[in-house]
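First the structure, in the form of structure tokens, and then the observations on it.
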Amino acid sequence: MNQDLSAPAPHAAVDASRHLIGLQEMPRARMEALLDRAQHFADGHDERRALAGVAVCTLFFEPSTRTRLSFQLAAQRLGADVLSFDASTSSTSKGETACDTLKTIEAMGVRGFIVRHKDDGAVAGLAAEAGEGTCLINAGDGRSAHPTQGLLDMLTLRQAKGADFSRLKVLIVGDVKHSRVARSDLHALRTLGTGEGRSIEIRVCGPQALLPDDDTLHGCAVSQDFDAALEGVDAVMMLRLQRERMEDGLVASLEDYHRDYGLTLARLARADADAVVLHPGPMNRGVEITDAVADGPQSLVLRQVANGVAVRMAVLESLLKG
Amino acid sequence: MNQDLSAPAPHAAVDASRHLIGLQEMPRARMEALLDRAQHFADGHDERRALAGVAVCTLFFEPSTRTRLSFQLAAQRLGADVLSFDASTSSTSKGETACDTLKTIEAMGVRGFIVRHKDDGAVAGLAAEAGEGTCLINAGDGRSAHPTQGLLDMLTLRQAKGADFSRLKVLIVGDVKHSRVARSDLHALRTLGTGEGRSIEIRVCGPQALLPDDDTLHGCAVSQDFDAALEGVDAVMMLRLQRERMEDGLVASLEDYHRDYGLTLARLARADADAVVLHPGPMNRGVEITDAVADGPQSLVLRQVANGVAVRMAVLESLLKG
Amino acid sequence: MNQDLSAPAPHAAVDASRHLIGLQEMPRARMEALLDRAQHFADGHDERRALAGVAVCTLFFEPSTRTRLSFQLAAQRLGADVLSFDASTSSTSKGETACDTLKTIEAMGVRGFIVRHKDDGAVAGLAAEAGEGTCLINAGDGRSAHPTQGLLDMLTLRQAKGADFSRLKVLIVGDVKHSRVARSDLHALRTLGTGEGRSIEIRVCGPQALLPDDDTLHGCAVSQDFDAALEGVDAVMMLRLQRERMEDGLVASLEDYHRDYGLTLARLARADADAVVLHPGPMNRGVEITDAVADGPQSLVLRQVANGVAVRMAVLESLLKG
């Protein structure tokens, strides 16, 4: 089972209207409806009866307290019963397969699962095994997808720049190769970024060793020159540098990375005067981003976090209500 | 204190109507009333006001995420406030005795405790120390008892085979010696298995080293020949093989165990054509049970899990309501 | 950031009406109002609508299951949504500063934080960074303060000895030097202990190496002679002996400590006949206190635990309601 899960999953087998596995196949109308509803929740509305009596469980095979808390708050504001299963530390898994764990908790009456897994395609694989009436939400799998992060980034961009993304220049910076956030952002930007004959301009910048060599970046303007790539952009989407890239030998040192790809106020001045800065967190302050930028007026980092709860409410409600 | 807890507990000191320590002394009428009520909950009914304002706490001195989740869901569906104390990892216990931990949380206003402990009799020992108005539910202690597992197994059998157990042939297979599940099942089967002059036929099968040498098996037909023991039975209750039995030298290898005591489709064909298969989970697939049996039409494994929540609702309501 | 937090915090920068950092600056009227309200909750009243829709989060950078459970129960009885972030074990902190963790969860919509930290002044430092509308409650920082413990000790004393503390003789025993509990108790006793020209008599007793050499004990009668210090006191407030004091070489052995500063029934007989005994728990039975005292009729240890929930309800309601 575990071997099967690490292989790319047969997405076709998964009902995209029942689960949220990725943003690649999500129609634009559905994405915009989710963002509209999320904006309603971001405006402070609760729906305490929406999921009353519905049990949801965070099922994390890879730890992430921030994402777990965000989903828990979202589920609570919808009135759901919320459970947590930390499969990364549970000594009860006792060699049980991920699928048996899912089916066991499902049998207890849990209808919604928020799943994080270190393997690409693992959540789709589990969704294919889930019973009817069960919904899975991918809270991040391998380097594949983190769809609620993608949606919250879109909501944040929309609040700052309006709903027409086709006029925007957006720059994604850093370790795109290993980033599920970048992949989900790219899918969403492409989906929302066309209109009236125009198309969003997506630039990608990072060290060659941290850029994907498959078709992930098709249509993007790729560069290793951060200063040049910043010229005139409307939004800079920074990625977190994982420390293990140093161990992998893909990055020489944090100092080198900061010199070449760290976002400073001086660099940010090259972007459009109204440019906004996003980061999925947690930030490596002084590495990919300086304090002055992270805490500055152009930073939307905390707005992203706030929007995360709203987007997850919209997703949970959409999949589990009624 | 800890020494006292590991000794057999003075059951007589514990009020069986206030706590659920084991099934040995439970009268048949009470057992059937609990199963009737559990069936009501299994049919999908909630009682969100039954335990409103009542706080219950899972107090696990030995980890078990599955059992904890099942009790949490049960308590939530009854409207209780649910807390969790993982005494197996808590660094706050700081040498505190189990009894002090219990009495401290009790003083906070918690009325129901769901207790798991590695030592035989530990839960009865704690119940004897608990204040009036406090209820303890044994969620598994040592090799002694796991009463809610016993009850959920009975509910599952009853759904499959009807309420008259006196006509049944039931086979329990595996490491009965170290199994609290088997002990609780044996008590419940004997309690429910007599009627109209007939008596249930209980067979037990497993390697000699894993069978108890006390009076646990009185009245059972004991055998080391799995194939023969399966002949014509109505239900096969498989037990989990703990990996530490290999380290203890009680089992030569997983392969040997599977060859002699693994339930395969071929073996299951010796049972009655309508025979059902139970397993308390988590399953060692390929060891005591094959995938084909575990996931086959005769398997009630997931039904057991579902019934677990219903049975725990019935127990919590019975002890804590009003 | 972490360095800043370990320095003494600029208390002046923190709005004492919005947060609860310590008891040093709390006016007597506010302290008494909190105790009055806590008594109401201790009498068994809930306010399930008081914090409906309000999210609070325990944010513990140092583990403490007892204190966390007490705050969780208090928040549940006020109807709040309760989250838990165990920063001491979270692998997601990933080098994130305590301040970024706070601001991230704050951005999710959490309004109340119950914070424990090993560094003096850490909670005040975080409170200074928190946004408007966010309340921090210090659940213990370094050796500085544990204000809800101080308040629950006062409520317990008041129930036993009446509201006029000015006539009392109170003895604090043990490792005052490293105790945040003792510091909060001292502030509260001084605040509540004056009236009608009289003043409470506070005695402090412990080995010289465990007594503070700053102005913590100003106005207290300090002694190394436990037997003499006990003469005629109305209340004995025992402190927990941390095992690491032996490693630090500040205490020779548990046996020595028990001989000199362990509270036995024989010693307690020197106190007033109606004297009461308090201990913040968890107790080292046989070290600073014997079983006979801990479980005897003069012990208020479990009453303290019960009052802890009531005091925390009063504090949470006061800071977060409306």
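Letters A, B and C mark the chains as written, and numbering starts fresh at 1 in each.
The definition used in the following text is that a contact is a pair of C-beta atoms (placed from the backbone, for glycine too) under 8 Å apart; a residue touches a chain by one contact, two chains touch by 3 or more.
The structure presented is a predicted model; accordingly, all values stated were derived computationally and were not measured.
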- request: Based on the touch definition given at the start, go ahead and assign the chain network to line, ring, star, complete or other.
  value: complete
Query: How would you label the subunit A and subunit C contact, same or different, if same means the shared numbers make up over half of all numbers there?
result: different
Message: On a C-alpha centroid basis, what's the spacing between subunit A and subunit C, in Å?
response: 41
Residues of subunit A whose C-beta touches two or more other chains: none
Message: If we count contacts the way the header does, which residues on subunit B are in touch with subunit A in the complex?
response: 46, 48, 63-66, 69-70, 72-73, 76-77, 243, 281-285, 302-303, 305-306, 308-309
Message: For a test of understanding, state which residues of subunit C touch subunit A in their complex under the given definition.
response: 53, 55, 57, 81, 83, 85-86, 90-97, 100, 103-110
